[in-house]
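Chain nomenclature is as follows: A, B, C and D, assigned in order of appearance, with residue numbering initiated at 1 for each chain independently.
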Amino acid sequence: MQFKSLVLSNTEVSPGYFRMRMTVPAQLSAARPGQFVMVRVRDAIDPLLRRPFGIYDVLILEPDFDGGSPQTCLDILYKVVGKGTETLSTMHHGDHLDVLAPLGNGFDLGKPGEEKILVGGGVGLAPLYFLAKELVKTDCVHLFVGGRTRDDILCITEFERLGIETYVSTDDGTLGEQGLVTEVLEKELTRRKGKASIFACGPHPMLKAVAALAERHGIPCQVSLEAYMACGVGACLGCVVPGKEHTEEAPDFRCVCKDGPVFDFQELQWK
Amino acid sequence: MNRPDTSVEIAGIKLRNPVMTASGTFGYGQEFAEYMDLEKIGAIITKGLSLRPKAGNRTPRIVETKGGMLNAIGLQNVGVDAFIREKAPYLRTINTPVIANIYGNSLDEYRQVAHLLDTVPEVAGMEVNISCPNVKEGGIVFGTDPKAAFEVVRQVREATIKPVIVKLSPNVTDIVAMARACADAGADALSLINTLTGMAIDLQKRRPVLANVTGGLSGPAIKPVALRMVWQVSRAIELPIIGIGGIMTATDALEFLLAGATAVQVGTANFLDPAASQKVAEGIEHYLAENGIADVKELIGALRV
Amino acid sequence: MNRPDTSVEIAGIKLRNPVMTASGTFGYGQEFAEYMDLEKIGAIITKGLSLRPKAGNRTPRIVETKGGMLNAIGLQNVGVDAFIREKAPYLRTINTPVIANIYGNSLDEYRQVAHLLDTVPEVAGMEVNISCPNVKEGGIVFGTDPKAAFEVVRQVREATIKPVIVKLSPNVTDIVAMARACADAGADALSLINTLTGMAIDLQKRRPVLANVTGGLSGPAIKPVALRMVWQVSRAIELPIIGIGGIMTATDALEFLLAGATAVQVGTANFLDPAASQKVAEGIEHYLAENGIADVKELIGALRV
Amino acid sequence: MQFKSLVLSNTEVSPGYFRMRMTVPAQLSAARPGQFVMVRVRDAIDPLLRRPFGIYDVLILEPDFDGGSPQTCLDILYKVVGKGTETLSTMHHGDHLDVLAPLGNGFDLGKPGEEKILVGGGVGLAPLYFLAKELVKTDCVHLFVGGRTRDDILCITEFERLGIETYVSTDDGTLGEQGLVTEVLEKELTRRKGKASIFACGPHPMLKAVAALAERHGIPCQVSLEAYMACGVGACLGCVVPGKEHTEEAPDFRCVCKDGPVFDFQELQWK
């Protein structure tokens, strides 16, 4: 659906990373982890297109006065990388945003009771918190999170507050282990050889490495992809990725916005 | 005052108002049903259809530029058979004319697509895209050579009894010559403009942003060029014109009508606001009412120069 | 690291850096002396000069559009004699090459202007504007017909021993064909692009905004088209290219270099910020230093496709 | 010169009209009445071009604490008509603007002791206050001001506070006399037949009528013009008006930005 959101807060949680809370219609409480929103940052031509962001959290705020009604809110966690996110970062409580949500398909939560491994790279962590909140209700959840440096490791105390064991790694060793998140993940997977399934979100090379690990260890793995998007609703065909069987002659392109952003890694081509 | 008359007719297709959705920016219609009332606009133009399914280009396929965007989708589409099978049934349920945007890799393909769609009742007419930069025959790009354009249009014209609208490329020296060739070949109406060919570069990577290197520029940035071409063609050619290019608001749309367009298409704006086409249509009606104009047709070509 | 080498050479003219000011957007230079250091840019291109003073069009002559602006100045200028008498003496005091942008109403006028400027020491070279929409001979617009362009350039080439740069119009089907004609006629370098022809309409007045009806679109909106044309021409033609169109920042300028331009011109940006050209030049130097690039020439045509 | 200004205040003085005060370098205290400023409303492409505004006032604020230094400020008075002025109207204390000033030539203040008649139409009043402040030092000043309706008559109490006699007229008679400002002016000129000179700013038809009156009564008259401007410095030739002797063959165009915006009415063609 399309609606106007009121910005409630917009806080820099780490240098260059912001968390924004906005009001949303009550229907959004039915949003599923892995779905995303498209935000029109400004009613102007620069930036022109909407910007996509994963849903970091959906929550219902109790009214702070008698007779008030509860307010559904949605959080996004974003990194300032260009014009759109820069503009977003200057917004304050009281500003309004034009939002499309919820978009795309969320994660398949899998069988309750199974062990769940979340893998996040940088701001790719964003959709995993909403997912984690669901999963911890029934499952044992582990979080593997990587970043370039300490400042790129976001919000892990919130995961820990859910009782999730977290494994942190940074390229420069300023927090957690030094190395790639997938290296840490690999060690753990090898150690465990147990039944588990993976939910990953982050830069494409990381996802590719995670998919390779899942393949090797024969465990299920869902990945949440990013792509340049114009429409977010499956109309422009800007955001496609090739499905496993895709060829020029028998095209099988999937829209990240509509068929994703979450895919089973086996659906996709990982050349 | 009574409600103003917003209806127009293009090539025999009756539209409740002059606002259509531009090909490639509105999917096959259904994608937008959640966000707007598809029966509040004049017509839906489908994504370009080819004889066989087409993969399109590699990604990235889109990039934002100042005041516009580049796309190089490469005409990915399900093909005309799948369209008839999978998309048309939904469109049948909507009381709004559907115009199929078509193209071919050769003259023969153009003719075949038109022929296949000729008998599909959901299709009110065809918009022939001759402006795709990748489509050529014998080295001649249909969209930039009047003779080649004439030939495409003639063949499509022969393959169907449905209205034939030809969509022109702005990447030409003489848009009027192109329009005239299409008119001579039997086109019932002209759509203009398609995208301007452009390019974006990623400085750090030292690469073009688009996998296809170049792409088509659309959005507010191109509106002045589009208005100019509509005006030029409308003064020279007797056919009804559908104005396209950077239309975001009812004001933009009305400017195109003044310049000589009988109807307009909303393209890139659908991405900014999935209800944009409906809002433009409502805005036109509102403008007419506010200004005591009984019939939108009074505005067509009413520019005083 | 040493200061990076920002110098380039265009048609034998040595520039301390690749940044020039675009014709018609920088007056005769002096207008900007209060706001920037004219000796921090590569070259100054004058307002277009004609044989006799020219009145230009009626007003309004400019209007803002989304991401750009339209102008229909109509080449108002003091004429080549007054330029030599009144403007050149100031330019002599500035240690920056001055390139005279010239045009004529006929082949003969082009030749005469070039001839008159040939002996003016302040003029380092000439940029021949063949893209003015109002200038034609025998019904043929020089800027859109390769044969006519060839003829203009040949005549100018014969009239002067100074470097001859030809400025191309983007309003053509085949920019490479235009470029080739100019190259064949003896041009030393090519400038592209001039403005795209566009139009703006005032809905309430039902009139074109510009007195001249149509005008030339410039500014960020046209950058993708300009980049594409520079890239196309640079791959096909051996001449040095000056990239123009929507350059606002050093990043924009560097993208043009990657696409194949040896130098760039800053136009509309001068209106937004009278020190824009200096800032672009400084930004290029800064980028080179930051990225350990010793010589700006390493970037020319360095796009990887 | 070009400088960054700090917005100090931005107040709606009448529906749709704002007065903005901004800091300027001390050199601006030498600005002359009739000169103008070009404001870059936003560091973005929409609006793209700078917007020109007359100087309503230049003043020096005394420091509000010991040891502070005086701050030169400049006021503009503007009407919200489009994107640029709309954006300007949303600015607050603390925002910054990129400004070119002072631009153009000001009014010639004429002989001290003479009677001075100011004629303003709508927001054309703006540059006349700065002028009036100068003129009242030596001259007897009258202000004729007209507008469509009451809300278009701006800031006259400020003129009155300078001891200036004001004649107000509105098209609809909601304030002052009903009628055009030039009708009121004509009556007064006829009544006086005295020595006086006119300083006028407003819509073109008003200026034309004022010029005709000046001609008829044989009195000096300066007009401040408006024009679409791109550069403001005489470079783009967008803002020209034909001088008296202008013909196609022997063009004599004047730049409103550089040769004006103030002209002796006799310099111009008033077809």
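Definition applied: contacts are C-beta pairs under 8 Å (C-beta built on N, C-alpha and C of every residue); 3 or more make two chains touch, one makes a residue touch a chain.
Owing to the predicted nature of the structure, the values given are computational and were not obtained by experimental measurement.
> Going by the touch criterion stated earlier, list every chain that contacts subunit C and also contacts subunit D.
Looking at subunit D and subunit C together, the chains touching each of them are A, B.
> Have a look at A-B versus A-C and report the one with more C-beta pairs in contact.
When the contacts at A-C and A-B are counted, A-B has more.
> Distance between subunit B and subunit C based on Cα centroids, please, to the nearest Å.
34
> What's the distance between the Cα centroids of subunit B and subunit D, rounded to whole Å?
Taking the average C-alpha coordinate of subunit B and of subunit D, the gap between them is 47 Å.
> Centroid of subunit A to centroid of subunit B, CA atoms only: how many Å?
Using C-alpha averages as centres, the distance is 36 Å.
> Name the residues of subunit D that each touch 2 or more other chains.
45-46
> On subunit C, where are the residues touching two or more other chains?
66-68, 220
> Chains as vertices, touching pairs as edges: which of line, ring, star, complete or other describes this one?
The chain contacts form a complete graph, every chain touching every other.
> What residues of subunit C sit close enough to touch subunit A in their complex?
66-67
> Using the touch definition from the top, list the residues of subunit B that touch subunit A in their complex.
Listed in rising order, the residues of subunit B that touch subunit A are 24-27, 31-32, 34-35, 47, 53-56, 59-64, 66-69, 71, 73, 76, 219-220, 248, 268, 270-275.
> In their shared complex, at which residues does subunit D touch subunit C?
Per the touch definition, subunit D meets subunit C at residues 1-2, 40, 45-50, 98, 100, 227-241, 246-251, 253, 258.
> Quick one: which bits of subunit A touch subunit D in the complex? Just the residue numbers, please.
Per the touch definition, subunit A meets subunit D at residues 44-46.
> Given the complex with subunit C, which residues does subunit B contribute to the contact?
Per the touch definition, subunit B meets subunit C at residues 65-68, 70, 144, 171-174, 196-201, 203, 206-208, 213-215, 217, 220-225, 227-228, 231, 246, 251, 254-255, 258-259, 302-305.
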